[in-house]
Each structure stands twice: as structure tokens, then as C-alpha cells.
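Here's a structure for you.
Order as written gives the chain letters A, B and C; numbering starts at 1 within each chain.
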Amino acid sequence: MKAPPIPVPAEAGELRSTRPRRRRTLAKVPIYLMLALGAGFALIPFIWMVSTALKTPGQLFKFPPEWIPNPVAWTNFGEAWDALPFGAMVLNSLFVTTLAMVGELSSAAVVAYGFARFHFPFRNALFLLMLSTMMLPWVVTLIPGFLIWKQFGLINTFDPLTVGALFAWGPFYIFLLRQFFLGVSRDIEEAAIVDGANPVQVLWYVMLPLVRPVLLAVAVLSFQGNWNNFKGALIYLQEPLTRFTLPLGLQFFQATLSGGESPRWHLMMAMSTLMVIPVMVLFFLAQRQFIEGIQLGGVKG
Amino acid sequence: MPRIEWYAETLLRYAFVAAVIVGIMLLTYRGLVAVGVRRQTATGFALILPWFLGFLIWNLFPVAASLYLSLTNYNILQTPDFVGLANYDRLLNQDQQFWASLRLTMAYSAITVPLGLALALLAATLLNQGVRGVGLWRTLYYLPAVLPAFVTALLWRFMLLPTRSGLVNTATEPIWSLFGDNAPRWFLDPDTVLWGFVIMSFWGVFGANTVIMLAGLKNIPRDLYEAADVDGAGILPKFRHITLPQLTPTLFYLLIMGIIAGVQIFDIGLFVRVPRENFLNVYLYQQGFTFFNMGYASAIAWVMLVIILVLTLAVFRSSQAWVYYESEARR
Amino acid sequence: MHSGLMRIAGLTAAISLVATACASPGATPSRGAGASPTVAGASPTVTAAPPSQDAATPTQPAAQKVTYRLTTWAGEDESNELQELVLDEINASQSEFEIVHEPAPADYYTKLQTTLAGGTGADFMWLSQEYVAGYASRGALLDLTEPLKAIDSPAAAVDRYFPDVMSTALYQDHVYGLPWISQPVVLYYNPALFDAANIDYPDDTWDWDTFLTNAKALTKDTDGDGTPDQYGFSASGWPPVHMFIWQAGGDVISDDLKSSPIDSPEAIAGAEFYKSLIYNPECCPTEDTIAEQGFGEMFKAGTVAMFMGGASDTFESADGTVLDIGASVVPMGPTSRTTFAWTGSTVVNSTVENPELAVKALVALTDGIQHWKIVSPNMDLATKEVVTASLPDKWKDQKGPQVEAILASTSDMRSFNVIPRQQEWDDLFWREFQDKLYHDQGTAADLAAAARTQLEALLPE
């Protein structure tokens, strides 16, 4: 049975019922109910987060809990935004994320192509080796990694967060892309080679367009990962404030806010909401490709 | 403006490194071909070079370095002091906190992974019943996975407060009073900390797993079901003999990923205050970065690595028995 | 395990943050008399500096001015104050060096570790008292003993510091840092709640019994729902239990750093008194309530009548109103009225360039900070005039009346005896003793005896 690598038709695999239409629809009501329950579970914390972000401290601990605060404290967002050079941080985050994404994508594509289409000794062993690096706890590599960058004098620059991407540091992306390359029919590829294309051209003009959904998925995942990258920024970005990326700026602010035992929840939630918006916007825009990419990775895995 | 300088400098070095990598790739190719290696092989090696270089520098060296460090006392500020297996001895024989953290981490993984898979399977099956707006449902379910761990931890810390402003306890109050128990105090009570983490983390990844599982379901060829229908099979047998076996590759993938992520869980543990033990990775972090015991922390890291390897190997081995690949039809 | 340390770290950070509020931005530097040439009011400073700067620069090539990097845990507000009130002045008036501030309010000590490890550590660093011994013993800090002797400035006069505060910056009798603040813990109270309950304000006649009785009397269920809405006092890991152990005549680490006598009868008495307070709904909020609302916040919100805080703590309500808060010395214990002195020092990286100049810069920096913070660790500056003068306008009404109690506390204040492995010791002390004690997992005597051996294993040989 062939399993095409590109979006699967929706009907395959459904448990089709043979009962009359009306009863089928009725039977689906409990299904919708359960689905709604699950969706509610997923959504409610988000709503609560935004709701809390709009409360004043006095409203935070009211009982019973209020969903829509009255009055709405839009100023929390203003307060959160003004407290730090968020504008600069957003730009820094964008810069770092873009460079890292481009680096990750291109190097992952190249390496995946190598693993997928070419035979060489130790190929499988090397591939497994690559996979196994996913199991390395980051703390193992933290200090030695830091020392390496220090040798090059690149602490407190954006380099550790971006240049490293050129070395295909995302085993998962390589894995995913390889799976898809494996699924591409060889005919087109061979036609291109016969026409005199070198491997790079084949990759660029033939392979990549055929796996566009995955590329997009990897791109969105990569964006998400780099945008939210906190540990890297914490270690490598030191001063001044205008050099920080968003997650680090957020932490800075958190430390300022959480005096004593409990954080100032309303401001924390306001900040979190602000920070999460870009990723969510991106997600909504690209969700179809994104989700299909994830799905297919799971299938191929 | 200073910021433009920073960007420019990094960009320059970025481009330089990219050029160097490409250069090395070309050289490798030419060099290999020159010594008579087949073009295919040479190209293959050249293409995987970026990863391989990265592996040497960012994986192999640090791993070797950390293995060495685990055999020393190293406080970062002074040169390491070789102590042989002393760290491992102390870790495995005398460190109660290590074992407590390990128990918490393994319990967490043992609960979260299967629970996540089972419920994701349920949700995916539901979604696969020809419901309308599958795309919308999928998006809604996936949404929690988009948040950074930091935000998720804070949000749930707030929602799981055992006081009246804690959404979860307030909303589920009828259940607790029904059982005559006090509502759990989640992160304030050492016995319920585990469940707090399970809920928090489950919320975060449930949707992602569902989406993957759904794809797996959709990939099952329809004619298998139709053949079963012809034979008069009911829903449950169809599930048992068609759906599950066909899903095993997906389950396998999710299981491996789940184990790796579960044992290494860190971010959410770091942002929540717990009364006693935290996750193993957080304990490691504390040993290395709060107590200056980098050597000891490296030993913990290696133990963690071994655990992950053992578990994944076990799953890999067992997969021969229960994972069914279309391409290797056993029937 | 994480939480004990976090508590102390978080609370020391909190105190330092609150400490900054005593000199809010916008307040012109109305400092007391001191060695800093920038005193004497704002305008003379401003007009004086540029000419000397202009005069200086032509004679010196720009490259000569050494830049020193200072790293602190200061959050946004404190950073701004540090810059405006201290650093700008120093940099404007000094020709040989300038100091640049690099704040790291999140995971400060982690950053410190990694930067020191990577050789990119800052030149000057703030260390809370529990850290100096550790870093000094590992060779990370510059020995300041000799260089300080060559500098003539109040901030360099080591013997003019409160001895119990200066001791935190010593390691094996050598000076490794200069304290820039010494905050004795005082008892703050909400006069309105006392008036409503018809109880006299706390004063120096109070002892443990009076304190406990009144705390209970001030804990009320005002809306009749079965749970208290107002509490007499609040405690969690703060104030440090050490304070009460000292007041009872015991200690947790002996002065010679050779033992941890936490199972002595005196220490047990202190610990048990603390236990009778913490999380006890008769007088204090429960753990859950504190996790939700923060006991500092509760005090500011007027739901808690008494709070033990550092001398420079300031209190304003959520909407920014300056509150009416009184201060008194802490209640008298069985043998003394010892209170805890929160202190931090600025230390110098042992790899700093031009050590002599660095120490000079350190002294200038310390002097500046000592004029900004309440209370200066320098005994000569711990006077009513200096402290009152350094109060920013916003807080004059609130803290002015508190100065007396604050200064009275300085004669009873002391700090911890610190060992190099202090962080591990603190973690163990919390986890194996305090946490278990407060959660009813054993008697103080049993827990102390069990924990003592483990604690003593961490003491230096």
C-alpha cells in the first residue's frame, strides 16, 4: 500500500459506519461533547491567563473567581511594556530567530539529503549516532560549550545563539526531513541528474519543493524553539539590557516583580501574554502546514 | 547605534562560518574523489559534514569533557581535582536526594507518557469519526504546545494554588467535598507535587500527541476496514485487530520521544517551587550551578544518560515484538 | 530542596529590592556629609563636574580611562537608582576610571558562576553575605587587606565598620569585600490595626511572650466565615530562624566554624518559638495563603498587623499610596535582643586589571552606595542625620519616624557565620530541619540531632 508523503486524503482510515444518516448524526453528539471537553481543557488556561493579565491586584484573589474583571486593567500591558526596552528585545529576538532558523533549515536539509539519498559506509551507524545525541541532557554540554565560545571571545554576542545553527544542531529536523526525502519518488530526481544537475541543484530545485509542507513545519517549529529559547540567552547574553532577547527580558522583569514569596500574578500574566502573541500569530497563519508536518513526522517515524 | 554594530558583527561571522563549512564540504568531496572514492559516497560524506563537524565540536568534545569532569571535583573556578569514581559512589550509595529525585522523575515519566498516549489516542479516534471542522479542533488542541515552558509553569502554578483564587481547586470543589477530602495542595504538598507536574505537562503536550496520532489513524488504509466490514466485524474487534496494529509505528515513535523528554524534564521544574525533591535534571542544575559541584553534576548527567539509553534500547528491542511495519508484513 | 535556598535567595533579593525604594528616582541626592566630593546638594555638583571633566580630558588621552564592570542583581528600579545616584556621579568626577553596570537580576549566581568560569566575569560583583567565603576560598576574589590600608577614605576604614557586618566580608582574617549596607531587621507594624484592637504599639518592653500574645490577639475573623481575615504576624522562611536561636543564646554555626550546635537547648528553644509562630493560624497566615498572596504583600494590603523586615524596606499599597507604618526594635528573647543584619558586599574579581586602581574604584563605589542605602555599614554614617538626609522625599513621612528604632537595632545586629559551602549547608538546614519541623515531621530536638551530623560534614576542616 502506498503512503504518499504529501497531505493524505481525509477519508482514508475512517471507521465508516453503515447506519442510516440521521442516527449517525445523533450518535456523533457524544463525540462532539467529548471533543469539546478536551478543547475546553486546552483553552481555558489561556483564557484565564489573559483574564488575569487584565486584573488589578485587588481583583486577583476574589472569590468566586471572575473571568472578566471589572474594570479591565489594560494598563497592565502598558506597565509591562514600558518597564523594559521591549522594542529592542523584540528586534533582537527577531534577529536571532531568523538567523537561527535559516541556519537550521538549510543545514538540516543538506544533511538530511545526504543521509537519505546517498550510500556511504557507516551511514546507518552515523544516523543512529545523530539520533542518540537527542538524548544528551543539555547540562552535560553546557559548561564545555560555554568554554568553547569563550575561547573565541564570543560571549555576550549573538553568535552562540545563531552561528551554531549552521552546524545542523537539530537532530529532530534532520530526522524529519530525511523521512520525507526517503518518500520522494526517485524518478524525478534521476531525471534531473541525467540532465546534469549536481546534488545541490537537485536538492534545491527538485527535492525541497516536493517536501514543502515539512519544510514549513520545520520552519515553524524552529521559529518557536528559537523565539522561546531562554537558557541560551541566559548564559550568553550579559549586558546591556538592550542586548537581551524577549525571554531573558521577561525573566529580568520577573525577578524585579517577584519580591518575597509570591509573584505579582497580574503583571506576570500580562508579560506572558505579550510574549506569547508573536508565536501564536505565526501559528495561526501557518497552522495547516505546521500540523500536517508534525503529523507526517509521527507517521514516518 | 550600537545595536546595528552587534547585528553586523554577528552577521559577518555567520556568513564567514557558513562559507567555511561550505568550503570544507567541497574540499572533502574533491579530496575523497581524488583518492578514488566513488562519487556517491563522497557526496554523501560531504553533505553530512555540517552535522558531523557540529557533532565533533558541540557533542563529542563536551561529552568527553563531562565524562572526565564526572571523575573530578570541579568548582568551575579552580582546576579540576581528579577523584576517580568517588562522585558515582556518593551518588549511588549515599545521596538520598538523588534517589528521591530519580523516583520523582521516573514516576513522572511512567505516568505522563502512557497517560498522554492513551488519551491522545482517544481524542484522535474521536476526531477521526468524520466530525466537522477537524482542522479547527486540531488547532485548538495543539495550542497549549505553543507556549514556552516558563509561561506554562507560571500559569499552572497560579491555577493550582490551593487557595480560593486557584482556579482548579475552586472549579473542582464539588468533587472534593463529595469525597469528604480536602482538595489537594498540589505544589505545596510533597505528596501531590507529582500530580501537579503531571497535569501541567500533560496539558502542554496532549494536543501535540493527539495531532500526531490522528495522522497515524488517517494513514490506515481504508480497504482494511472495508474488508472487516464485509466480514461483519464490530467496532471493538476492528480497533483491536486493525487500528492498533497499524498504529504501532506511531505509538513507538511517541513512546521513544516521550521517554527522552520525560527523563530530562527540566524547564517546568525550574520555575515552580517545590517543598522537597524536584526533578533529576533540576537537582543536577542545583548541584552544578548553586553548589559549585560541577564534577558531581556531571556524574548525575551521565547516570541520566545511561538511564535514557537503557530505556530506549529496551523499547527498541521490544519493538520487534509489537511494532508492525507495513513494509514488513508478518502475515 | 530548591525552595529553602530559593526562599533565602529570593528574600535577600527582595530586601535589597525594597531597599532601593528608599531612594526613588527623581529624588535629588540629598546625602549626608561624607567623603564623596559630589555631596553639598545637586546644583553645585552638576556645575562643578563639567569644568573638571573638560579640564581633565585634554591632558589625558581617552584610552587611559579604565572601565570597570560592576554586576549586581538589581532589578529595573534599583538599577536606575544605582546609575543615577551613584555611578553617574562617580564617572563624572573620576578621571582614571569609570564604572559600567551590568545587572543580572535573574539567576544572578548562575550567571556569576558561568562568567567566572569562562573568564568573562565582571570586575566588581555584589555578593550577599552567604557567598563571600565560598568565592574567596576558591580564589575568585582579590585580597583587599593591603590595598585598602593605602587608601584614605571612610569607606576604606575597615575598622570603622560594624564588626558583625564586616566579618561577613572576611575570609581567614583577610578582607575580600566591602559591605555596602547593613540592614538590621526591625519589627514593622500597622498602627491602624493596633488602634482598632486597642493594643499598645510594640516597643522595647516587648518580649517573646508579649509578642506572641499580641499576635494572637490581632488575628481575627472579621467576616465570620471561619477563617481569619486579619493576622497578627506572618512568617515563612523569613525572618531567619537564626535570629531567634541567637536571642535564646544558641547558634547554628559556631564562631570558630567548627560545629553546628543546632541541638543545644538554647537553639531548640529558638527553633520551637519560631515553630509556634510559622503557619500557625492563631497568629499567622497558612502556607497556602502565603503562596497565593505573599506575606509582604499581605502586610502592605493591611491584612497582617506586624512584619519583620529590613531597615530599608518601604511600604506602599497596590495603588501607590505611601502607608503609615511604625517600627520598633524586635522583641527581646530569653537572653538578648539580637537581630539579623542583612548585608551585601562588593567584591573584586581576582583577575582584575590594575588592582590598585580597582580598589580605589571600589572604595569610591562603596562610598557612593553607603550614602544611598539604609543603613550604611559604616558606623560613622549610621547616625540619625545621615540616615534622615538620605531618605528620599517620597518616603520621608513613612520612614522618618522609623529611624530611631532602626538605629537602636544596629547595636544588637549581627550576621551569619559563613562557611565556604554555605549554600549546601543552608539547603540541608532547610530541608532536613526547618522544613520538617514546620510541617510537623518531628520534634525540634530529634530533627536537630539527626541533622547535626550531616551539617557538620559540610563545615571546613
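Simple rule for what comes next: contacts are C-beta pairs under 8 Å (C-beta built on N, C-alpha and C of every residue); 3 or more make two chains touch, one makes a residue touch a chain.
Just so you know, these numbers come straight off a predicted model, no measurement behind them.
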- Query: What chain pair shows the greatest number of contacts?
  - Reply: A-B
- By mean C-alpha coordinates, which chain is most distant from chain A? C
- Just curious, how far off is chain C from chain B if you go by their C-alpha centres, in Å? 41
- Note on the structure: Taking each chain's mean CA coordinate, chain A and chain B are separated, in whole Å, by 14
- Note on the structure: Touching at least 2 other chains, the residues of chain B are 76, 163, 165
- Check each residue of chain C and list the ones that touch at least two other chains. 107, 110, 114, 117, 291-293
- Note on the structure: Flagged in chain A as touching 2+ other chains are 61, 143, 251, 263
- Message: If we count contacts the way the header does, which residues on chain B are in touch with chain C in the complex?
- Response: 75-78, 97, 161-163, 165-166, 185, 187-188, 273-278, 282-283, 286, 289-292
- Query: In their shared complex, at which residues does chain B touch chain A?
  - Reply: 2-3, 6-7, 9-11, 13-14, 17-18, 21, 40-48, 50-55, 57-59, 61-63, 65-66, 69, 76, 123, 126-131, 134-135, 137-144, 146-151, 154-156, 158-159, 163-165, 167, 170, 203, 206-208, 210-222, 225-226, 229, 235, 238-239, 243, 249-250, 252-254, 260, 264, 266-267, 281, 284-285, 288, 294, 297-298, 301-302, 304-305, 308-309, 312, 326
- Query: Hey, which residues of chain A end up touching chain C in the complex?
  - Reply: 56-58, 61, 83-84, 143, 146-147, 149-150, 155-156, 234-235, 238-241, 248, 251-264
- Within their complex, chain A touches chain B through residues 1, 3, 8, 10-16, 18, 28, 31-32, 34-35, 38-39, 41-46, 48-49, 52, 60-65, 88, 91-92, 95, 99, 103, 107, 110-111, 113-115, 117-121, 123, 126, 129-130, 132-145, 148, 154, 157-159, 162-164, 166-169, 174, 199, 224, 228, 230, 242-243, 247, 250-251, 263, 265, 268-269, 272, 275-276, 279-280, 283-284, 287-288, 291-292, 294-299, 301
- Item | Residue ranges of chain C touching chain A (in the complex, touch as defined) | 7, 10-11, 13-14, 17-18, 69, 73, 75-77, 100, 102-107, 110-111, 114-115, 117-120, 236, 238, 290-297, 318
